[in-house]
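Below, subunit A partners subunit B and then partners subunit C, in two separate complexes.
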Partner chain A sequence: MPIVSRGFHGRKPDPGRKLPPGQYETFDFPVLSAGPTPRVSRDDWTFTVTTESGTRHQWDWGRLMALPAEHPTVDLHCVTKWSKFDTHWEGVSLDVLLEDVETEAEFALVHSYGGYTTNLPLEDLLDGKAWIAYRYDGEELAAEHGGPARLLVPHLYLWKSAKWVSGIQLMLEDEPGFWESAGYHEYGDPWREQRYQGD
Partner chain B sequence: MDPTGGTAADGVQDAYQDGNVLAGPLSEIFAVDLTAAMSRCAHCDSTGAVATLRVYGRPPALVARCPSCGEVVLRIVRSPTNTWLDLRGTVTLNIPMDTR
Partner chain C sequence: MARAAVSGRLAARLRWQAAALVERREESPTARTLVFDLPGWAGHLPGQHVDVRLTAEDGYSTQRSYSIASAPDADRVELTVQRVPDGEVSPYLADDLRVGDAVEIRGPVGGWFVWRPEQAEPVLLVAGGSGVVPLMSMIRVRDMIGSRVPFRLLYSVRDPADRLYGPELDRGAPGLDTTWVYTRGTPDGWTRPAGRLTPDDLVRWGWPADFEPTCYVCGPTGFVEAAAGMLVALGHHPDRIRTERFGPSGG
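Moving on, here comes the complex of A and B:
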């Protein structure tokens, strides 16, 4: 019988999984925020899409719940270098929300309760690539992870998946968001390791 | 100051650290210890030591917020090759100088 324990080394990374460059796999769900957690009740929550001409399209919680839900299972990649495989979400595709929105815009600036913003090309919100997510792992989305609802755009670094989402402004010209105006990359593709301006 | 941040009424932790955690990143840029400097908030005009700011996030990106109004006073992003320092939320920094 050995007298020295082999010790606990945690779960080993699955060799069949491919991580983007510079990332490591994590099994918990770290919480990172740029400020205090906004507390927004479902009764008070609204989501507003504003076009370049100023036309507003607004959903309250009831209208959002009435839309067809999807159940994406996606990998998350945070610029702080952790990645998490196979996360389970429920939400409404942006394809559904933007279906009847007439726009010539090519860019989107996402707004959150609490003042956070992030920018991305409009096309990155379409074609099944992005959701307004309100359940995680079968549970209501916790406030610390962006509840009542957050943007989920998993093919980009996680700072683009704005927590506590309140709306999307559609624009003809690109405009940097909170982190994009302070050194983060304007696009943020984890597979091209676009962490900072100039990457 | 509570180093792990305040606790909201609903029990959700809003983790922040005090401004002393800025000492390391700022010492890469400035020759003096800026955590002892007095910063004036561009949003509410209140003044306090940089060390008393509430700092959210973790490297490579930190956000320092005014303890009075909660708005952003300072942001710092450190890449392997560059540092971005955003001071648009700061009106002035009053920096004590070593006069010895």
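Moving on, here comes the complex of A and C:
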């Protein structure tokens, strides 16, 4: 039985909207990062997929822009408790980027400019569930939100959607990323409230 | 970016625990320190936060994260809550929760924005508004253990009424230098004109990058973006700048 806090009423969320457990709706777009915002120019930007055998597939900004874009509208859920509904993005599906990659890997370690990393099963990047996103709400993605481009994996807590993404390393065995090594859950499903290790 | 280690006993950290309010202190016109009784608290590292869960009579519940303000204590945890206008949770915690009433707490959480006493390098703390809370925990732990690691705190507030922990910081401690940065209104006779934190403030009152301090920056997003960017421009390596941001949302 939960403890009732006397006199607390709270603000019931819009019943037409379904929030994952422990989350509340926010209307702005909070920024969370572990360090300074890296500044990466589009001219210098590359995105590299490395397979378990060391084969590299690389895109620069021009090659990324030449790929077919999608316009997902998705809900975001941050482990710090806020959720944001109906965010509009533009980016390239990972299905497109990984289409010609030969791999037996089951895990992915995502790398960012600035040194951030996060891990997730490879299947969570496939089947229309993940994008390399470079526009938000019709504008170029701002640096504090991960621009020039970030990973977008909205079905997991937002720390998995690595900002300033620089590459994805495909691996046969799982390896924890930055927050996953600091006590956060290895998978991070908001609907199962997998915030911390052991949840 | 280095790996952060997990600390604390996992099972204890994940369990929701009833916590009764034992004391409330006014820190500023809009901020209160809440002292909770948490028997058997396993301790925390300064800079960590806890999750707080509030449940209403009808079963509705919501959660928020709050930084811990205090140094570890066997059965007490102090949180400082800034009342967010129109917030769902902070006005209740700041004004309505009465001594003897309970909330649920779990934690501590977070293994990155922490100061570990075994760190030997100088420390620069840069706070904006209520972002001082986790940094205050670092200052208090340093004091508690008698550490001689030199600390410098630059603390930006709108005006003197917004200062949190003013008397305690004015009292100071050996090896802790505190510099106040007022953005709107200064005390009488203050030589620095009111204005936002500048690179010059960080040069004058922070540490030279050559000293390789670890820098902890905490405050609202715009403040953290600006301060962390200035530190990088002044030559501090990004790996030695740790940030934590308090969004205006949530409350």
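Following the convention adopted for this analysis, the second predicted complex is superposed on the first by the 186 of 199 C-alpha atoms of A that agree within 3 Å, B and C clash if a C-alpha of one lies under 4 Å from a C-alpha of the other, contacts with A are read in each partner's own complex, and residues count from 1 in each chain.
What we mean here is this: contacts are C-beta pairs under 8 Å (C-beta built on N, C-alpha and C of every residue); 3 or more make two chains touch, one makes a residue touch a chain.
What you see is a predicted model, and the numbers here were worked out from it, not measured in a lab.
S.K.: Tell me which partner touches more residues of subunit A in the superposed arrangement, subunit B or subunit C.
M.R.: Comparing touch counts on subunit A for subunit B and subunit C gives C.
S.K.: Return first, second, both or neither, reflecting whether A:M65 touches subunit B, subunit C, both chains, or no partner chain.
M.R.: In the superposition, A:M65 touches no partner, neither subunit B nor subunit C.
S.K.: Please work out whether A:E144 is in contact with subunit B alone, subunit C alone, both, or neither, and reply first, second, both or neither.
M.R.: both
S.K.: Based on the superposed arrangement, let me know which partner A:G183 touches: subunit B (first), subunit C (second), both, or neither?
M.R.: both
S.K.: Of the two partner chains, subunit B (first) and subunit C (second), which one does A:T80 touch, if any: first, second, both, or neither?
M.R.: So A:T80 meets both subunit B and subunit C here.
S.K.: Thinking of the overlay built on chain A, is A:L172 touched by subunit B (first), by subunit C (second), by both, or by neither?
M.R.: Neither: A:L172 stays clear of subunit B and subunit C.
S.K.: Tell me which partner A:Y196 touches in the superposition: subunit B (first), subunit C (second), both or neither.
M.R.: Both partners, subunit B and subunit C.
S.K.: Considering only the touch criterion stated at the top, classify A:A34 as touching first (subunit B), second (subunit C), both, or neither.
M.R.: Touch partners of A:A34: subunit B and subunit C.
S.K.: Overlap of the subunit B and subunit C footprints on subunit A, residue-wise?
M.R.: After superposing on chain A, subunit A residues 31-37, 80, 144, 179, 181-183, 196-199 contact both subunit B and subunit C.
S.K.: Can you list the subunit B residues touching subunit A in their complex?
M.R.: 8, 10, 12-16, 56-61, 63, 65, 70, 72, 75-77, 79, 82-84, 86
S.K.: Mind pulling up the subunit A residues that touch subunit B in the complex?
M.R.: For subunit A paired with subunit B, touching residues are 31-37, 39, 79-80, 143-144, 179, 181-184, 195-199.
S.K.: Under the touch definition given earlier, write down the residues of subunit A that touch subunit C in their complex.
M.R.: 2-12, 22, 24, 26-28, 30-38, 80-82, 114-117, 144, 178-179, 181-183, 196-199
S.K.: Over in the complex, which subunit C residues touch subunit A? Could you list them?
M.R.: 1, 3-7, 10-11, 13-14, 16, 18, 51, 53-57, 59-65, 88-89, 92, 96-98, 101-104, 109-113, 221, 224-225, 228-229, 231-232, 238-239, 241-243, 245, 247-250
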